[in-house]
Amino acid sequence: MKTTTLIAAAAATVLTLGGVSACGSSSSDSGSGSGGTVASGLIFGGPAEFKTRTDGIPGLQKTYGVKFAKYTVTDTGGPVTVGALKRGQIDAADLFTTDPSIEANDFVVLEDPKSNFKAQNIVPIINKTKATDGTKQVLNAIQAKLTTDGLGALLDKIQNDKEDPDAVAKEWLDDQDLDGAGTLAKGVSLTVGSANFPENVVLADIYADALSNQGATVTKKLNIGSREKYYPALKSGSLDLFPEYTGTILAYLDATSTVSTPDDVYAALAKALPANLVALDKADAEDSDAVVVTKQTAEKYDLKSIADLARTAK
Amino acid sequence: MIGSVLGWLLDPEHWRSTPFDTGIWAQLGAHVGFTLIALAIAVLLALPAGLVIGHTGRGSWLVSAANAVRALPTVGVLVLLVVVISPHFYGRTNAGFLIPTEIVLVVLAVPPILSNAYAGVQNVPPQVRDAAFGMGMTGPQVLGRVELPNALPLIFSGFRSAMLQVIATATIASYVTLGGLGRFIYDGLAQKDYPQMIGGAVLVAALALISDLLVALVQRYAVSRGVSRRFRTDTGPDSRTAVLVEEDVR
Amino acid sequence: MSVDVLPLDASSSPLAFWSYFLDHRSTDLGWLWDHTWLSVVPVVVGLVLALPLGWLARRHAWVYPPMMSVTGLLYTIPSIALFVLIPPLFGLSVLSPLQVPIALSVYSTSLLVRVVADGLAAVPSETVQAATALGYRPLARFTRVELPIAVPVITAGLRVAIVANVSIVAVAGTIGLDNLGRLFDQGFTLSVNEPYYPPIVLGIVLCVLLALVLDAVVLVVDRLLTPWRRAVAAR
Amino acid sequence: MIRFDAATKRYPDGTVAVDQLTLEAPSGAITVLVGPSGCGKTTSLRMVNRMIEPTSGTVWLDDTDTASLPAHELRRRIGYVIQNAGLFPHRTVLDNVATVPLLLGEDRRRARASALELVERVGLDPALAKRYPAQLSGGQQQRVGVARALAADPPVMLMDEPFSAVDPVVREQLQDEFLRLQGELGKTIVFVTHDIDEAIKLGDQVAVLRVGGTLAQLATPAELLARPIDAFVAGFVGRDRGYRALAFAHGRNLPVREEPTVAVGSSHPGSAAGLAGWILAVDAERRPQGWLPTADELDETVTDSRLHRGGTLATQGGALRSALDACLSSPSGRGVVVDDDGRLLGSVTAREVLELIEERER
């Protein structure tokens, strides 16, 4: 019996070439005529952790009553997710609001009126010993100028024009008049890290370059994989500065936290951080998770908000 | 740590599939599926080629070329192929990721099978081949009735090496969204679910081990005792010639 | 920090890898160096560990089967899993650059133990007996007679191990450790809307070149260590 | 009958392995090709079954030009035995022997049954039939090799140094067995060896080849020893060829004289008077056991341990070579001559053997 299961599974997973069919949703094109919700005919794609995160699949179900037909693990807002959504392997995806490929592909970001997703303001997390007045001043000046749209523009340059993140960072500092040489951070030596997606890299480059201009001795350790890899390094002191997102770092530190507005999240984060780490000013710029669908899907089901996914399909 | 890994492995919930979570049985099936497809293609390509090259002595550059392919970084080739191939597939299909993955796995499996089939035929003692021709066997008869049976130990060792590499490497299918046991490793890493991640690694190792045992069993019956020298009177160590068959990346 | 505003290169042709390399030379060379030592050091460690283990397996017949089972088992653990498992096992920080060399040393040792044992097994027993009869003690016989004769087999194994390592190290690049594998991650990340080949192709080219060079180095060492084989070949 | 007609093998690099070889191997006889390495003897042999194709010239098998047949069909008609036997390691002895009959389409059971007969015929224990080659000694493997070549009962056999990889004692057994078998079967055999003694022992005719692949001399063994055609053949045949030629001179009219004996186990030696120091000891069947020194205490029991066993035995009707050797190896100087059953006939001295030789030369 187990052999049969194995063979059937092998056939289903490999040979049908389908990301579908696990629960009999024949295809999104035919909709589910049987009176299910819109979501029950759709396949959702996103990173593995979105499946279990409180504001991920469980959150969507709890807040909006949205239940997808199936979950396909793709990547964290990267090429796999975008490609899969674009080419119809999945119908809805977890992408990030600053992602230029949303605009490039005419994807539709579904509104989140009930704030399922936590606020995701950009925030530098820094080791307390390195948080001198000078470094704080340099970094907070940057934080004050970061906007969501501005971030999207930076990302576009990297992703679509293939510009070097460090060059983009320098260019931005120049544009914002933040590239002046000085001595604010003189005598500080620190290691700046970043996760392995372009936005995080360019933010780290911006921090690092500005501090370097102000006399700090900076070492870059960019493109470190996921948070599970870099956070312990940050905590243990082998990294000193990291561009973070208020919502995700809070969720990482305190999985039970339910706050979602920018200020609540920021306040909760300050409490959740260990004693040796401190969050500097949060920026207006936000890069939050979003449920994204293609234009065709949005039009077909008349989708504007995540809540619409829970409607009965026509 | 060991306890929580065991707990994860022994939880029947983890073996069943739900719409959101593909269970161990299904991922095991997918993993076996990837492996079987890759090995079948690799054997179809490499075994006849290796036998014929060994038999005729012509085209041995192909063996060297296949071995040089081992220098290719598996991940790099996978990424390149995904980037090239996946945009051509639309709709509910994972072919855009499956095809690159299978190509990478086949590329990985071909060199050991090819070079061992070649070496196996080459290693048949010249006087045995001479006797076979001298008795009036035709070329294909010599290959099929004499060279192949004598090359079997090496062919099996090449196949086993290829199989272990493919099973280990099939985990990177999950790097490009496919299923398979690698899913547990990558998902466990992302979800900070270390028992799941280690459990996945344990499952891969177990699959490799069990597959190797099964093939060893087949080998026992497929290879003539005259070649394997497993005689009842012989108490010496197993005389399987372990030619360097170069395991590679997983 | 060097002030290097890099020239823009938007060409995504696969052949643009060279100008991509020139544009990011210092980073890429750094990764090449990381990749090199990550590939080489484990093989050296593996050899140092495999020599006594292989000798033991050769010396005592009963050691051979269990040792081969254990090393074979270690070899089946997928590298990605081993990279993640090693830090907690060895009490290292998660980002420690040591996890890759440790994991690869495990693989290299596993591979080389068998190679050393089989290489020693290939030493003609008459030769060993002759050495014993000439009065060599076991250790001297091992280092001065058996080992030199086993060199060709062992270097063949080293070549396999080092080439395999170059490929496995690249896997570590995809989880954010510095080496040429990072180029694949970069290329993949930048291929969101259309393929962006230069970093991917550059990574493959550099990995292959590195593998070929390291392979050649082992080959040269092999030649130097076994002058008698050259004498035979030249005849 | 196998006939080489100006057969030549020239390799692309210009070396000539066999040069204009013309030679006939008569039916039912053993023709030995012998010569130093590089003389093309194996090449010549392999041209017969076209394991090597002649560059020019023809090899005839009876009235058939061997080139006119598909090579594999030609080979199935010709038995082929090579050095180290070349047995198939993956097949049992029985299946090795049955190879050609099976190739010829014979039914498996019959092929095996006749293979088993052949196994016995070449002097092997039938219990070995189920073993694999790796479980046999070199001599046993070689016998299987011969059986395998005989399996399809080919009229012609090619043997390429079949006995050279075994030790001298086994080699001699194999040679004797081979001659016995040939006595029964009467195959047309071409036999290659580098060992001139083997050539002389086995050949009905011997072809000596010289380096470069030319035929130096084709003759019967006796003639070859007696009248080598040139210095090369003389040198190759060897220094003591005069003595070895005696192997072909029969000893029928040897003047055998009666020899006094004592019986092993007896305590009374009988009359030892007038004997030059040694008396022959025999067993109850009058088979010679050794020589007893007459200086010993003759009244003691004759035991094995007191005997000198140095002497070889000659047979009446055997070759003069063995007669002379019996004389030379005997401590008493008297060569012991026995009948075919090994019973004492009498003795002969070296002087008498030499006189016989001189007489014949006159």
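Labels for the chains are A, B, C and D, by order of writing; each one numbers its residues from 1.
Note that in this section a contact is a pair of C-beta atoms (placed from the backbone, for glycine too) under 8 Å apart; a residue touches a chain by one contact, two chains touch by 3 or more.
For clarity, every value in this text was computed on a predicted model and none was experimentally measured.
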item	value
Required minimum of steps from chain B to chain D, each step between chains that touch	1
A-B or B-C - the one linked by more C-beta pairs in contact	B-C
Chain nearest the overall Cα centroid	B
Chain whose average C-alpha position is farthest from chain C's own	D
Where chain A and chain D are represented by their mean Cα positions, the distance between them in whole Å	91
For chain C paired with chain D, centre-to-centre distance based on mean C-alpha positions, whole Å	59
Distance from the mean Cα position of chain C to that of chain B, given in whole angstrom	21
Whole-Å separation of chain centres (CA-atom averages), chain A against chain B	38
Chain A, residues touching no fewer than two other chains	79, 83, 226, 228
For chain D, residues contacting two or more additional chains	none
Contacts with two or more other chains, residues of chain C listed in rising order	174-175, 185, 188, 191, 196
Arrangement of touching chains [line / ring / star / complete / other]	other
Every chain pair meeting the contact rule	A-B, A-C, B-C, B-D
Chain A partner contacts - residues on chain B that touch it in the complex	17, 19-22, 25-30, 32-34, 36-37, 83, 86-87, 89-96, 98, 174, 176-177, 179, 183, 186-187, 189-193
Parts of chain C lying in touch with chain A, wherever the complex brings them together	1, 3-6, 8-10, 12, 23-24, 93-95, 174-176, 182, 185-186, 188-193, 196
Interface residues, chain C side, partner chain B - complex	61, 64-65, 72-73, 75-82, 84-85, 88, 111, 114-115, 118, 153, 156-157, 160, 163-164, 166-168, 170-171, 173-175, 180-181, 183-185, 187-188, 191, 194-197, 200-201, 203-204, 207-208, 211-212, 215
Chain C-touching residues of chain A, taken from the complex the two chains share	78-79, 82-83, 101, 104-105, 158-164, 166-167, 170-171, 196-198, 208-209, 212, 218, 221, 223-226, 228-230, 232-233, 236, 238-239
Chain B contact footprint on chain D (complex, rising order)	49, 51, 71-77, 80, 82-92, 99-100, 103, 132-135, 145, 148-149, 158
